[in-house]
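The two complexes that follow have chain A in common; it is paired with chain B in the first and with chain C in the second.
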Partner chain A sequence: MNAAYQFVTGPLAWAAWGIFLLGSGYRLISMYQLAKTKDATSIAFMSWHFSLRSIVNWLIPFNALGWRKSPVMTVATFVFHACLFLTPIFLVAHMLLWNQAFGVSFATIPDNAADIMTLVVIAACLYFAGRRLVQPEVRYITSGKDWLALVIVLAPFLTGFLAYHQAISYNAMIILHVVAGEIMLAAIPFTRLSHMVFAAFTRAYMGSEFGGVRHARDW
Partner chain B sequence: MKRTLPLLLSAALILAFAQAAMSQQDIKNLAPEAFGKLTRPAAQFNHEQHNEKAGLTDCVVCHHGGKDGKIDKTASTEGTPCAECHKVKPEDKSTGLMNAYHKQCISCHKAKGKGPVACGQCHKR
Partner chain C sequence: MGIADRLIEDVGLRRGVSRLTPEKIEKIVNAVITGETGARLKAYAETCVRCGLCAEACHFSLSHPGDPSYTPAGKVHQTMSVLLNKKGKVDPDFIYGMAQLAYTECNLCRRCVHYCPIGIDTGYIISTVRRICHKLGVTPQYIQDTAHSHSATFNQMWVKDDEWTDTLMWQEDEAREEFPGLRIPIDKEGADIYYSVIAPEPKFRTQLIYQAAAIMHMAGADWTMPSEPGWDNSDMCMFTGDFEMMGRLKRKHFESAQKLKVKRIVMGECGHAFRSIYDMGNRAVGWKMPPVPVIHSIAYFWELMTEGKIKLSKKYPGPVTVHDPCNVVRGQGLHEKLRELVNFLVEGGIVETASNREHNLCCTAGGGVINCGPPFKNVRVAGSKIKADELRATGVKTIVAPCHNCHGGLEDTVHSYKLGMEIKFLGDIIYECMEKPEV
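What follows is the complex of A and B.
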């Protein structure tokens, strides 16, 4: 147990963070190179004003027409993404691991709040899955890659919930939880989760084209 | 025959409670009052069992002395509660109470390759 725990929280954690950070950098640079050779005009019309205008307008719930058209999805996705980031970053137990490893310390959220936020993430994943199965227009464009991304995100929260409540086997669950989190980190640059890296640029691209070329809003 | 099952059940219940009552005295938790309301369940620690398992006879291995954030492994402080030196929220650079426990236990368990290292292994529900 100790050897396994030290391996997954030591070398494997370094590897996961390395793959996540370097992989994200690589994806950004290679995407920029691709845009330069295949879509040079798009780079020419990129504008800070139209980019930020689009990003800000899409960040406000129910502001964009796309959000207003599917209100349930809007609530689900905003709550999901907030909990997805806040829970693991500000969890007491996670902060203490940073503290033990690097001596850093920062504000945390109470455990019972984190518990509820974890359930929110799990529930949202189930909603997204149901939507992909039931809603025809979503089902039509769903592929294996979408399911993979959903499972990769669900896994660390499900195992984290079970480990926190010490259900089934704690020793196995905590190792699974750490590995699931590391898989998620490492998968960000190379799966559908790469929208974490690209979303701002996608929005900027759309905003710039709609603002500067079509002279229209894109929200 | 009709009475066997209730008899067996009550016998099992009595045994279960008796066992819980007996083992209650043996279980020792690390829950100093200084912490106040605990964030996680108190860390389970049976002093005698631990030292027997770890083959510890020298108190100073855990009950160290020191000052100004430096551990003195020669000055034994057994009998002094950890919370006396390690404050919950230290005002100077000294190690806080929670960190003192975490560092003391986890770093030794890591070095020895034995003993609990993950949160729930000590903070059992």
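What follows is the complex of A and C.
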């Protein structure tokens, strides 16, 4: 058990972070190169001001027309993304790992809060899954890639929750949890989760076109 | 559920598809995707998380509740996603449906932009599908006829060169009865304004040229219209996917203005032409922004109003509602100027539709959809049900719509849904209400 734990939190963790960071960097750079050769008539219009204007306006809940027209989804997606980022970064147990490996320490969130946030992520995943099954406009466009992304995100939170509460074998669950988290990291650059890498740029481009050329809001 | 269940016979699509082979399709699809698209399409295709939020955006999907094949993402799902997933290995029958969907069930209005958190431009994706259809030779007959006209004559309606100048002189002659001294100055070098129109104006909406001349005359404008090809600012090639011709048309138009050394181009009340001149066509020939300043009639009339050059003898009886043409509100943010102008012209003000300004609902005619002709009229009218509902809810009798295509579409909508509303250009109202000389 100890050897397995050492392996998944040691070499495998390095590999997962490596794939995530280098993979994301590679995807961004190659996408930028492609844009430079093929999308000159688009990148010529990129503007910092209008990029940020668009990003900020879309980060405000219910500010964009699309957010207002689908309020439940809006609440779900904002809460989901917030918990998805904050919980793993500021969890006490994760901070201890950072501390062990690099000697860094930073603020954490109380375990009770983290527990609720984890449940929120799980609930949001179930809601997204429900939409994919029940809502015609989502069901129609859903493919295996979308389910894969959802499962990849759900897994580390579900296993983390079960491990924390020692519901089933803790030893097995914690290893599953670490592996699930690593799969998620490594999958970001190469699955639907790549919207984490690219969304800021697609948003920025749309903001630049609408702000600089079309003088209209894009939210 | 999907386009395959609602195919409509069209001579152009049918003949185009009959000439295809799977090999030819694969070759052309991949040539366009690798040769003409890049990071933009790739990022859109990959990062769309299929959340379905855009379903609430599209007038086609709002007019067909419960049918997801009309949603923006649903339309991409049936077209570009298939081409990308299958790497172009699709059969000719698929191309028929893909072309019908791309040309007749998306107006490229970009309303979905306001609904996509990631900033995906579905209009661009559908334009790219149309580009592939064009290269495959699968285009609806009616719109292809206008594209052929552009190629042969540099105008959209097969207007002959002598007929063009004849029409201008005819309108000048008619107008001089009402406005002694009025001229439509042809080829006047160094004029302040080069006034450009779309070919349907000389073809069947000549009163618009008359009205524009009257307004220019009464405002004391220094203006001209060109005698040679280049006068037509319209561009159906942009919508068929013939981007080479789109570039040639805009080059011709701008060079015609440059040749006359005018200060700027004022264009008539057209939406799609504005998109071509200000956004797409200029880029096709490598101009980041138009090489000659271009303003739309809304902005020009607004200028005349603020300078006190439109003198009204009466106000137009309202209240009215305003239809915002996509290509000038989401295309250049002219919605506030439009409202200031309408409030100046109209007694009783504006009753807004529920979706207004840059959040407007499309007339369902734009993007070349109305130009695909009678075979697809019923599809178009069915897609404008939500627009009809919003118009009816205003309770007013007049729609101000500063765009030719919107007029065409709204006329059908008003008629089919029995709205009993009249549709007016700004020029109609200004002409009717402005001070005229005593004759």
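Note that in this section the second predicted complex is superposed on the first by the 219 of 219 C-alpha atoms of A that agree within 3 Å, B and C clash if a C-alpha of one lies under 4 Å from a C-alpha of the other, contacts with A are read in each partner's own complex, and residues count from 1 in each chain.
The rule we apply is simple: a residue touches a chain if its C-beta (ideal position, glycine included) is under 8 Å from a C-beta of that chain, and two chains touch if they have at least 3 such contacts.
Source: prediction; values computed, not measured.
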Query raised in the report: In the superposed arrangement, does A:142 touch chain B (first), chain C (second), both or neither?
Result: second
Query raised in the report: First (chain B), second (chain C), both or neither: which does A:35 touch?
Result: second
Requested in this report: Name the contact category of A:198: first (chain B only), second (chain C only), both, or neither.
Outcome: second
**Report entry** Touched partner set for A:20, first chain B, second chain C, both or neither
**Finding:** neither
Requested in this report: Give one of first, second, both or neither to describe whether A:80 is in contact with chain B, with chain C, with both, or with none.
Outcome: neither
Query raised in the report: chain A residues in contact: does chain B have more, or chain C?
Result: C
Query raised in the report: Thinking of the overlay built on chain A, is A:96 touched by chain B (first), by chain C (second), by both, or by neither?
Result: first
**Report entry** Touching both chain C and chain B, counted on chain A across the two superposed complexes
**Finding:** none
Query raised in the report: Touching chain A in the complex: which residues of chain B?
Result: 39-40, 99, 102-103, 106, 109-110, 113-115, 117-121, 124-125
Query raised in the report: chain B touches which residues of chain A in the complex?
Result: 1-3, 5-6, 92-93, 96, 99-100, 111, 163-166, 170-171, 174
Query raised in the report: Which residues of chain C touch chain A in their complex?
Result: 1, 36-40, 42-44, 46-57, 61, 66-69, 71, 73-74, 77, 113-121, 278-279, 283, 288, 329-333, 335, 358-359
Query - chain C-touching residues of chain A, taken from the complex the two chains share - result: 31-32, 34-35, 37-39, 41-42, 44-45, 54, 58, 64-67, 69-70, 73, 77, 131, 135-143, 146, 149, 192, 194-195, 198-199, 201-207, 210, 213-219
